[in-house]
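Given below, in the form of structure tokens, are the structures.
Common to both upcoming complexes is chain A, partnered first by chain B, then by chain C.
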Partner chain A sequence: MTAAPTTVPGTAPGTPAASTARRRRRRRQTWTAYAFVSPAVVLFAIFIVGPFVYAIGLSLYAWDLLTPARFVGLENFSRLFDDPMLAKSLITTFLFALASVVTHIVGGLLLAIGVNRAMNRALSYFVRTAVFFPFLISWAAVSLLWKYVLDPTFGLMTYYLGVIGIDAPSWFSDPTWSLPAIIGIDFWHTIGFTFVILLAGLQTVPNTLVEAARTDGANSLRVFWHVTVPTMSPTLFFATVITFIGAFQIFEPMQIITNGGPDDSTTSIVMYLYENAFQSFQVGYASAIALVVFVVIMTVTVVQFWLSKRWVHEQ
Partner chain B sequence: MTDIAAPPRRRRRLRTGSLVVDLVLLSVGVIMVAPLVWLISSSLTAASAAFSLPPTWIPRPFSLQNFADVPELVPFGRMALNSLLVATISTAGALLVSVLAAYAFSRLSFRGSRALFVALLSALMVPTQLTIIPVFILMRNLGLVDTLTALWLPTLINVFAIFFLRQYFNSIPKELDDAARIDGAGHLWILFRMLVPLSGPALAALSILLFEMSWNNYFNPLIFISTPEKMTLPLGLVTLQSGQGGGSPAVVVFAAITLVVLPVLILFLLFQRSFVTSIASTGIRG
Partner chain C sequence: MTGSADTITQTRTLSRRTFLRAAATTAAVPAGLSLAGCGGSDGGSTKGALSFVYMGDAEQQDQFEKLFAEFNKVHPEIELDAQGIPSGNWATFANTVSTRIAGGQVPDIVQIATEGQRIFASKGLLEPLDDFIAQDKKLVDDYFADINPNLVKWNTEYASHDGQTYYMPGGFNTMCLYVNTEIFAAAGVEIPAEGTWTWDEFAAAGERIKQKTGAFLIPANSGYFTDVMPWLTTNGTSPLNADWSAATLDSPEAAEAAAFVRDLVEAGLAPEPGGQFDAPSQMKQGKLATLGGGRWPVIDLRRLGLVEKTMVMAWPTRTGHGSPIGWDAWPIMKASKNKEDAWTFLKFLISKEAASFFATLGGTIVPARRSVAASPDFLDNAPAHSERLSEAVSYATPIPSPDRGAECQQVIEEAWLKVLSGNGAADETLAAANEKLGTLL
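Then we have the complex of A and B:
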């Protein structure tokens, strides 16, 4: 896989011949670079930029994918504001994301601290493997499995809750319990990710800092709040943002287990988008909803970027 | 067999609290694996005895019939092959596209390079849910709906992979290129014979991530595929469960889930460190 050498032999630097050669070389390098990036650029244009622009255009139309599209201007956007189902799905999604962030960060941090101590190596291996592995299973398999784990008649969870004296609700037919059930499933599925990220962050906290604080008489709790948390705050911040963005796009367990119900209690924003786009074929309105998702994610990303930049400057 | 980011060995006085924490961690671990153990043991139990209460942890009577029933209901082998095919093409293709682009951004100066790079990075904020409707229309116009091509083609562009590889290439000293160039090497040689072999860990982490993303994807197949013979495993599982005629028996669904989860578990136990490094170094939540 050899190509022609890019240096021109026989030219000494500083001579007119050398400067033309350099210019020629630079021009050739530009064409080489274009050749190298062109597959990425073409695919980027076809599958990201084009669709992005097209989606914005679509949001100005009413279209069912079959009959000709009809231009409706900003009608889809004014409809967003009058749509109680959109409001409800946004509230559901924000609630889910909030619960997801809190449970993942608190749970992940506690687990990471628990494992990052001197402990039996076999136990440590077991806990780390058990906590991380579910993250690698597809949402489809996780959703189906948990549908049965929480089954009101033969479910594993139902039985053992009964053993300890708790009468388990019928999770997926009770609007009060359907969302908490999915929050729980999501925790089981993705805590491994948060755990690994936070454990890696925790291991960057310098031991000397902890020892110094201890020598000064700080107890474990004070060391945690005044040394551990500030030192790993960039990691905590990153984990929070990435958990929020992931949770905001929750879709699979809703589509697979509850189909958004009961009483639309588990219709997340992406679930609602999917229903509009691919079940009732209101492609224009669905694009407007997709733009809402985009704006939320963009806002969070920009705020994160801005905050983390400030952080770096302050240090 | 290596394990997840093992903490450094530290000698410390045993405190009473330590034992309590150990017990709590042990129960968390047990609760985490319980559904999986139940899954596997139920799938190995004869259909008549499965899901009895209290739950069976040891398959009795033992039976492999549930596994034999899976292909009767959905073309499971075909689906597994589809998953493998799509994930392999997607991973290899995205790696190739990304490696080439990353080389240009890391090693070559060209007009518009900065603007292009910023444009690519901005695309990280664009969720698939926004682009999927136009991509669906595009695939429909190209006649690619309900084909495997619709699944892997859009995944060949992965902005994160380009960014990640560029960062990695940047950490490799440019003096190495100069030395190679004096010896007469061209760009393709420098990239594929020098930078790529030097980027083993980054490429491994990225490959695992890309493969996992494709292997586990449910959203795109749900939208593009309708024929069982064209489905990948995640969609196949859900189709098996919901079924055309009121759904399949739960034990058969369990057998199918086991068939999907078990290879991942085995690969994970063998290459645990690689999986964890892939997640920890890329920071991508799949």
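Then we have the complex of A and C:
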């Protein structure tokens, strides 16, 4: 798309009058553009930039919410290095995020391919809706629902596993199973989002490329690896980054289902942050943890961008 | 920011790839902001409506509203702005109130449970009530004469850091058992008439009930107040010592209590913990013989039509009677500009009329006034022997609530759950938890 020629009726191009009219028009366009973006910029400044700067300030104080804050310099940051629970919650969160990215990308891609190939449109729409629907339910409702489903005595899962002769574990009170159970619940809840993104990416793969590859004798697997995946690699990259960022900030299911237990096996970094802020009333230290979360996510994202040069194909 | 007009007229193609990259980058920014929205200011209430913050879900708020309407009949000149906060437990409620105060929303009066009383007082946020009490000595003396002396003693011992009086104690909850008499009868198990039984007698009753009816004896959960404390106190122990300065969760008595409950689970007398076991509904369906609670299960029992089929029993004992106790208390905030009105409201809350009215509505607490707790206002339309909830004050242990109470609670509950679910030996697990508790005191 290119700009249309700018000729004001009644003025000859190249005259001073025409130049003035053009400047006025451009100025008006400039202000119109600013007006359109200003709500987003103002909201971004109030709810993102402002709190971000404030969090940096808070991290330099000891504050219990109830009494005046006390300046402690970098003490909160030095504490981070001597806090074993911080390390444990970071490891738990990385494990969760890694599992989340792998299951969502693989599962989402398989679902998208299946739906994209479905010949029956009605079935295709049904599957799309069914897979996406859980994503519309709040985490609180999902958490309570799965507490029922995985109840070790009355849960549906316990019952059906029993039918096939398997003793169901105590999903939420056994440290071995608690994190995998949360990963599974997260997959059920949010796979729809990844699926929709990947399906959209899949549908942008030009048929001409696929047909050309087939004409050249490529089988389905080769078409998938050498045409489909490279062509939709920007979408895969986007889904990977978004999934990781979302997973790293996981909080609700851990808080509602397991409260971080058993044995702190499901304490995510954001949950640990919350506990410090609103159970221990160590708001300054919690702010320092919040900044750690930010730095970790930003670092991983930058690394992902750097690695993307090797596998993401720009058209 | 300034820019050439050309930047507007020169069009750029925003490719899908560029958009996806930009979106991915932008998504990372809010990650560090999880906390920063919590600003703070000295704040303070302003003269105007009298603000009162209390814990209550929608149903409880309805009941409170009726109580407030009664207050306004007597004092129409005081505009009351009451705000109920639905919270799952008192620790969460205290956190919510603290966050509000940090945000500058300081109410005139806050309902505070045992778990938060000492820490709130120690922060210098509360107005000492001694002058008000002296001003209305006769009225307060009448109130204190009608409530259990333990409550008066604990109001200073546990709810004050400097000997001054910061709270007027309100209703309380202890822990007893609601027993389904139909299930016991169906199993041919006699309920002790005197209202006491030992752990062994209780377990033996459970075996017979399981055999005859298939019902569970009791839920096995890890709630600090509702599940852990009753078993500990009936074995003569507690997670902390008397002044909450040292952890005692590694005592042999505590390990014995946890192991006993684990045995109930292993024997199939209690369901596996860690799920979403809805005790009142299971009792309604004849699948559960007893459930623990203070006054609050009465609401469910009424809803399910179980009032006539249940009775209140003391918790089974090993070394002697035991129960935790937690009580509401009402302070006036130091920042309040309505202190006189606030005191007027407190006087209403401790009046016999208010206690009777609230008991009639079916409140979720036991009235502090013994005269009301023993009256039909409290005992009618409630399971038989509901007076045992009130009697439990005489042997109850105030729920240990040190300054870092929420964290202590989490450590205790996690350890208890670990034992109950068979993922750790009682003595080792509680000893490890005891060590953690030590770092929090």
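Worth a mention:
Everything that follows uses one rule, which is that the second predicted complex is superposed on the first by the 247 of 315 C-alpha atoms of A that agree within 3 Å, B and C clash if a C-alpha of one lies under 4 Å from a C-alpha of the other, contacts with A are read in each partner's own complex, and residues count from 1 in each chain.
By our rule, a contact is a pair of C-beta atoms (placed from the backbone, for glycine too) under 8 Å apart; a residue touches a chain by one contact, two chains touch by 3 or more.
Because the structure is a prediction, the values reported are computed rather than measured.
Using the contact criterion defined above for the overlaid structures, shared-chain residue A:199 touches chain B, although it does not reach chain C. Of the two partner chains, chain B is the only one that A:123 touches; chain C does not reach it.
Residue contacts after overlaying the shared chain place A:225 against neither chain B nor chain C. When the two structures are aligned on the shared chain, A:71 is found in touch with neither chain B nor chain C. In the superposed model, more residues of chain A are touched by B than by the other of chain B and chain C.
In the superposition on chain A, A:261 makes contact with chain C only, while chain B stays out of contact range. Looking at the shared chain after the overlay, A:277 reaches both chain B and chain C. Applying the stated contact rule after C-alpha superposition, one finds that A:58 touches each of chain B and chain C. Contacts of A:287 after superposition: both chain B and chain C are touched. Legend: residue contacts after superposition of the two complexes on their common chain; A:144 is shown touching both chain B and chain C.
Overlap of the chain B and chain C contact sets on chain A: residues 1-3, 6, 26, 29-30, 33, 47-48, 50-52, 54-55, 58, 65, 144, 147-148, 154, 238, 242, 245, 249, 270, 273-274, 277-278, 283, 286-287, 290-291, 293-294, 297-298, 301. Chain B meets chain A in the complex at residues 3-7, 9-12, 18, 21-22, 24-26, 28-30, 32-36, 38-39, 51-55, 96-98, 100-101, 103-105, 108-111, 113, 116, 119-120, 123-127, 129-138, 140, 153-154, 156-157, 159, 162, 181-182, 184-189, 192-193, 212, 215-219, 222-223, 233-235, 237-238, 241, 250, 253-254, 257, 260-261, 264-265, 268-269, 272, 275-276, 279-280, 283, 285-286. Remark: chain C residues 3, 5, 8-11, 13, 15-17, 20-21, 23-25, 27-40, 42, 91, 95, 98-99, 101-102, 120, 123-125, 271-277, 404, 406-407, 410, 413-414, 417-418, 420-423 touch chain A in the complex.
Across the interface of their complex, chain C is touched by residues 1-3, 6, 23, 26-27, 29-30, 33, 47-48, 50-55, 58, 63-69, 144, 147-148, 150-155, 170-175, 204, 234-235, 237-238, 241-242, 245, 248-249, 259-264, 270, 273-275, 277-281, 283, 286-287, 290-291, 293-295, 297-298, 301, 305, 314-315 of chain A.
The touching residues of chain A, counted against chain B in their complex, run 1-7, 26, 29-30, 32-34, 36-37, 39-41, 43-44, 46-52, 54-55, 58, 65, 111, 114-121, 123-141, 143-149, 154, 156, 159, 188, 190, 193, 196-197, 199-200, 203, 238, 242-243, 245-246, 249, 251-252, 255-256, 270, 273-274, 277-278, 283, 286-287, 290-291, 293-294, 297-298, 301-302.
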